[in-house]
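Common to both upcoming complexes is subunit A, partnered first by subunit B, then by subunit C.
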Partner chain A sequence: MIKLYDYELSGNCYKLRLLMSFLGLEYQTEAIDFYPGNQHKSDAFRRINPLGQLPVIDDDGLVLRDAQAILIYLASKYDPNGKWYPRDDAALLGQMAQWMAFADGITATSSAARLHDGLFYSSIDIDAARAGAHRLFRILDEHLFFAEEAGQDWICPGDHPTVADIACFPYVILSEEGGISRMTYPAIRRWCDRFKRIPGFIVMSGVFPAGPGFTDAAGVAA
Partner chain B sequence: MATDLQNTWHPIAASTDLVKRHVYQAQLLGREYAVWRADDGYVNIWENRCLHRGVRLSIGINDGRELKCQYHGWRYANRTAGCTYIPAHPADAPARTICNNTYPVAEASGLVWCGEHATGDLPDMSGFESVTALRGLPVNAPRDMVIEALGAYAFADGCSAQTDEHGVVTVTAADGQAVRFFVQPSDSNLSVIRGVLNQALDGAERIAALRHHNFLLDVLRSQVEARAAELETPEPMTPPIAKVSADLAEIPPEQEGGRTAELRVQVVDKTVTAEGIVSLRLEAIKGQLPTFQPGAHIDVHLQNGMVRQYSLTNGPGETDHYTIGVKREPDSRGGSVAIHDSLAVGDVLAVSAPHNNFPLRRDALHTVFVAGGIGVTPLLAMARALNSQGLSFEFHYFVQSHAHAAFRREMGEFGDALTLHKGLSPEDTGAKLRDILASPGHARHLYICGPGPMLEATRGIAADLGWSDEAVHFEYFKNTKEVDDTNSFQIELARSALSLNVPAGKTILEVLRENGINMESSCEQGACGTCRVGVIEGEVIHQDVYLNDAEKSAGKSIMTCVSRAASDRLILDI
Partner chain C sequence: MSSPKCKDPIALNLWYAIAPLEEVLDGKVERSILLEQPIAFTREPSGQIAVWSHDGDGARPVGASLPVQERYGYFWTTLGTPDADIFAIPEYDEPDRRNIHAASFGVNASAPRLVENFLDMGHFPYVHTDILGAEPHTEVKEYFVERSDERDEILATNCKFWQPMASRASSGGADVDYIYRVPHPYCSVLYKSAAIDPARMDAIAIFIQPITQESVRVHMMLSLLDDTSTDLDIRLFQQTIFGQDKPILENQYPKRLPLDPRAETPIRADKSAIVYRRWLSDKGITYGVIPAAA
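Right after this comes the complex of A and B.
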């Protein structure tokens, strides 16, 4: 069975919990005391991930680190319909990789601001972290605005969300915990609602569920 | 003092930003708003905070009819922003004073407009009869600086810009294409450029135009922000927000005194909804009707001087009208006959604000409604609220025949949860009720409304089958019991330190009013619960049909319109 080295308040671990929930996968977790225990920097954990970072999975002896890498692995192996990580379209593969790299940038900024404000990481340059997140959010909001204009609900083209949406979601939705308002990103805010309505969506601390979407009398979603 | 900017309209969103079942977050002159479009299309602009703990409502849930706070689930109605339900007090009706701040709203030219104190006309848009709204672009700079920069905006050959005295910039190209910019002053150092083109574009042309302007405005933004960064950042604006009192949830409804009919409504529709039953749609002549909660009724002051109570049948969020159902009762004192025969569409009526003495719990695992005849009205509103929240219920509607079943269209929403029981004899009705009420069970609640005998029978059967008093809720239309007012006694008012005599032939309510105490009342026959008062000491002869048996024997409250003292003296909590 898949084992996730997990920390409840980690948005990167949440990415994997989300995908496994969307796919209905069973898995075990091993809780790592990230704060205050700093267990991810322990010698024992460094043997599992020399970078001393969460998340890590162990699937039958295959040990993988990095949330984006793990998303690709899990979706490729366990999504029977191949919807979350379609592999037959070169352009789409490139786009997914582009936005997953972008997601790591969101971690480096928005997650850092949250660690500073919420978990007392005082060495982080909070102004730089926030400014960096806003720079990325402007780009994402513009992208999602024109995606909506093109009739596209998700970060990458197609009628199904992909691992790119999962990779970007957690530290967007948790940004306010790092003092980063999303008020000026209305397209991001609408995308967050759509994301929360994906069947199988689960929350974590600080993330609230959405209510049901609108369907007209004929049962058609708008 | 309101400033000029507060008195004028500003766009705060594009119409397309307000998709259904979403809450948009906006800011104008430092004040934050939660903005949401109800399923009926209405745009609500509210203070962005929950009256409970001040949590932002922009993270709440727009269920199409109401906005629900994420923290403790307080619900607020479309249009009125009045609180309709507090999960922590499931058995109580929220006080009418619990109402969020609403702000002026208008939707025109592809934009949604607001102004803290805006009253006048929207900006003139001649030349912009058909439009395309551009993507709003937030800029970290003061409004004046953005307006100045837009004065040099050029998107095609031969552009010339004009800025009017309100800071509206219109840029026209040689070929007649034009764009008009409004700069939304979000805060002292945050503005949003909202532009509209003088053409309704679609398809590839639309996207190309949106992209073209978005790119040019992005360049302009970089320049303005670089300039603003060199100046000292102005202090953020701090609009005053009325404090929410900590014990808001605990305060009882405001005492408004008397049987006042503070609202003027117009009959805009009168439809026969079933044999002998008309439904009336009442709309406010001006302003907004107050918030109602499911189970609430209004007093209708008829042209012939009579005052009658009718339950609202509205579903949640249907806040632009009240709908009541009136059965023609030729034997009664004439109120219903006057409505059936004389009242016409266009007539104006005086009505009270809604009173809710029949509150609906929404924490039941399952709710059973038993409606008889016209008693369906309050239960209809309740079931519609549960239905829209996806909560479990069943609705039993006892009628003489199919033709006597009112509000069938509205009830169509209930699907399988609705059962019509047609033309049953009293015995068969009893047997059917025994079936329906067979399993009281944990967290199941029963709501009954209908003619007196049926209500009595249902309560009896429910008690028999083990339903507790707390789980059985009922409302009588009227009190048919003979009221005895032959004794006289003393009342002492604990809070007002008054001692009064209630003589034979007068009610406590009358005596209180004669002595200048403002008392709310509605039916004045012991059925509706509006004139309820707490009893501190003394024994009560209960002559009402509002309180249940447990409440009556507890002796902690009294319906002052009919009930009296069994002892020489009553100490009342007023």
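Right after this comes the complex of A and C.
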């Protein structure tokens, strides 16, 4: 069975919990004392991931690190419909890779600001982290706005969300914990709301479910 | 120390928990902030903890240390001259208890907003869904609040709430009894029925260290009756709960707690908050609050 080395308050671990929930996959977790214990920097954990970072999975002996890499692996192996990581369209593969790299930028800025404010990572330049997150959010907001204009709900073209949406979601939705407001990014806020309505969506601490929405039938009746 | 940035004499003269003892290491100087005053601390070769205030460079002035006490797994200090000792938590010394530091978290909210949230049962089903509450069990039943002027603290008793998973040691839903104490303007202790022994109670405390009027470090201490869970499981359970409270706390406006009774409209379930606000008002606290108009 898949084992996830996990920490509840980690947005990167949440990415994998989300995908496994969307796919209905069963898995085990091993809780890592990320804070305050710093267990991910211990010698024992560095033997599992020499980078000393979460998340890591162990799938029947295959040990993988890096949230984006694990998303690709799990979607490729366990999504019978191939919807979360479609592999037969070169353009789409390129776009998914582009936005997954973008998600790493969100981690480096928005997640860093959250660690600074919440967990006292005092070496982080908080002003640079917040400014960097706003720069990325502006780009994502514009992209999502034009996608909506073209009738698209998700980051990459198509009628189904992909691993790119999962990779970007956690540190966007947790951004306020780092003092980064999403007030001026309406397309991001609409995308977050759509994301929360994907069947199988789960929350983590700090993330709340979507509010009650109208079904089509209720909308017509109203 | 030059004149303090915090001008509230009540706040200046209180004791504050600053860091868990296990994080104060020999010879290593750590920095923190208390009431906007930069402070630094270390453990000396003698084993004693030394704390001092500084102007931002961390440098230790000769012979100008701040008072230190070790209590409940943390060291405490003060920028003033407290007229009372740190409040008692007698349960901490019971031999069969597990005393655990769950975490210290930074929160962009005022200290009194944290205390009020800690006292509030009404949010359990909505914020801690399927852990500390679940719909349709949303009613906050009538409870008692008293203010002891002799002990200078607030006590809320006879609080009851149905909880799906009251603690890491729970095996299912249960009606849980709660008692709340507010023995310090920025600290609170709650007691709740212990999963393994209904006749006794677990204790959970928050010790808030105000950084500024609108940002804090909150230290969470657990004193539990639990002979099965690991320290890590217990700590992570509490972190999960607090992680759910955090966005709620950080989205409360105004960030400082308004003490004017007309500023926010309480409901019956907020009885303890009403008494808490009045207590702060009567003390004359100004730090982290919006005082009522005279």
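To be clear about the criterion, the second predicted complex is superposed on the first by the 215 of 222 C-alpha atoms of A that agree within 3 Å, B and C clash if a C-alpha of one lies under 4 Å from a C-alpha of the other, contacts with A are read in each partner's own complex, and residues count from 1 in each chain.
Everything that follows uses one rule, which is that a residue touches a chain if its C-beta (ideal position, glycine included) is under 8 Å from a C-beta of that chain, and two chains touch if they have at least 3 such contacts.
As the structure is a computational prediction, the values presented were derived from the model and not from experiment.
Asker: Classify the contacts of A:Ala150 with the two partner chains as first (subunit B alone), second (subunit C alone), both, or neither.
Answerer: first
Asker: Going by the contact rule set out at the top, does A:Phe208 touch subunit B (first), subunit C (second), both, or neither?
Answerer: Touch partners of A:Phe208: subunit B and subunit C.
Asker: Please work out whether A:Gly94 is in contact with subunit B alone, subunit C alone, both, or neither, and reply first, second, both or neither.
Answerer: neither
Asker: For A:Gly200, using the defined touch cut-off, is the partner it touches subunit B, subunit C, both, or neither? Pick first, second, both or neither.
Answerer: neither
Asker: Quick check on the superposed pair: does A:Glu8 touch subunit B, subunit C, both, or neither? Answer first, second, both or neither.
Answerer: Only subunit C is touched by A:Glu8; subunit B is not.
Asker: Figure out whether A:Arg189 sits in contact with subunit B (first) or subunit C (second), or with both, or with neither.
Answerer: A:Arg189 sits against subunit B, while subunit C stays out of touch.
Asker: Using the touch definition from the top, say if A:Ala31 reaches subunit B (first), subunit C (second), both or neither.
Answerer: The answer is second: A:Ala31 touches subunit C but not subunit B.
Asker: Name the residues of subunit A shared by its contacts with subunit B and its contacts with subunit C.
Answerer: 208
Asker: Taking the complex as given, what residues does subunit B use to touch subunit A?
Answerer: Spelled out, the residues of subunit B in touch with subunit A are 13, 17, 19-22, 24-27, 32, 39, 58-59, 61-64, 68, 70, 135-136, 138, 186, 190, 192, 206-207, 210-211, 214, 390.
Asker: Taking the touch rule as given, give the residues of subunit C at its contact with subunit A in the complex, in rising order.
Answerer: 20, 23, 31, 101, 103-108, 217, 232-233, 235-236, 239-244, 246-247, 250-251
Asker: Applying the document's contact rule, which stretches of subunit A touch subunit C when the two form their complex?
Answerer: On the subunit A side, the touching residues are 7-9, 31, 33, 35-37, 117-120, 122, 176-177, 179, 204-206, 208.
Asker: Which residues of subunit A touch subunit B in the complex?
Answerer: 142, 145-146, 149-150, 182-184, 186, 189-190, 193, 208-214, 222
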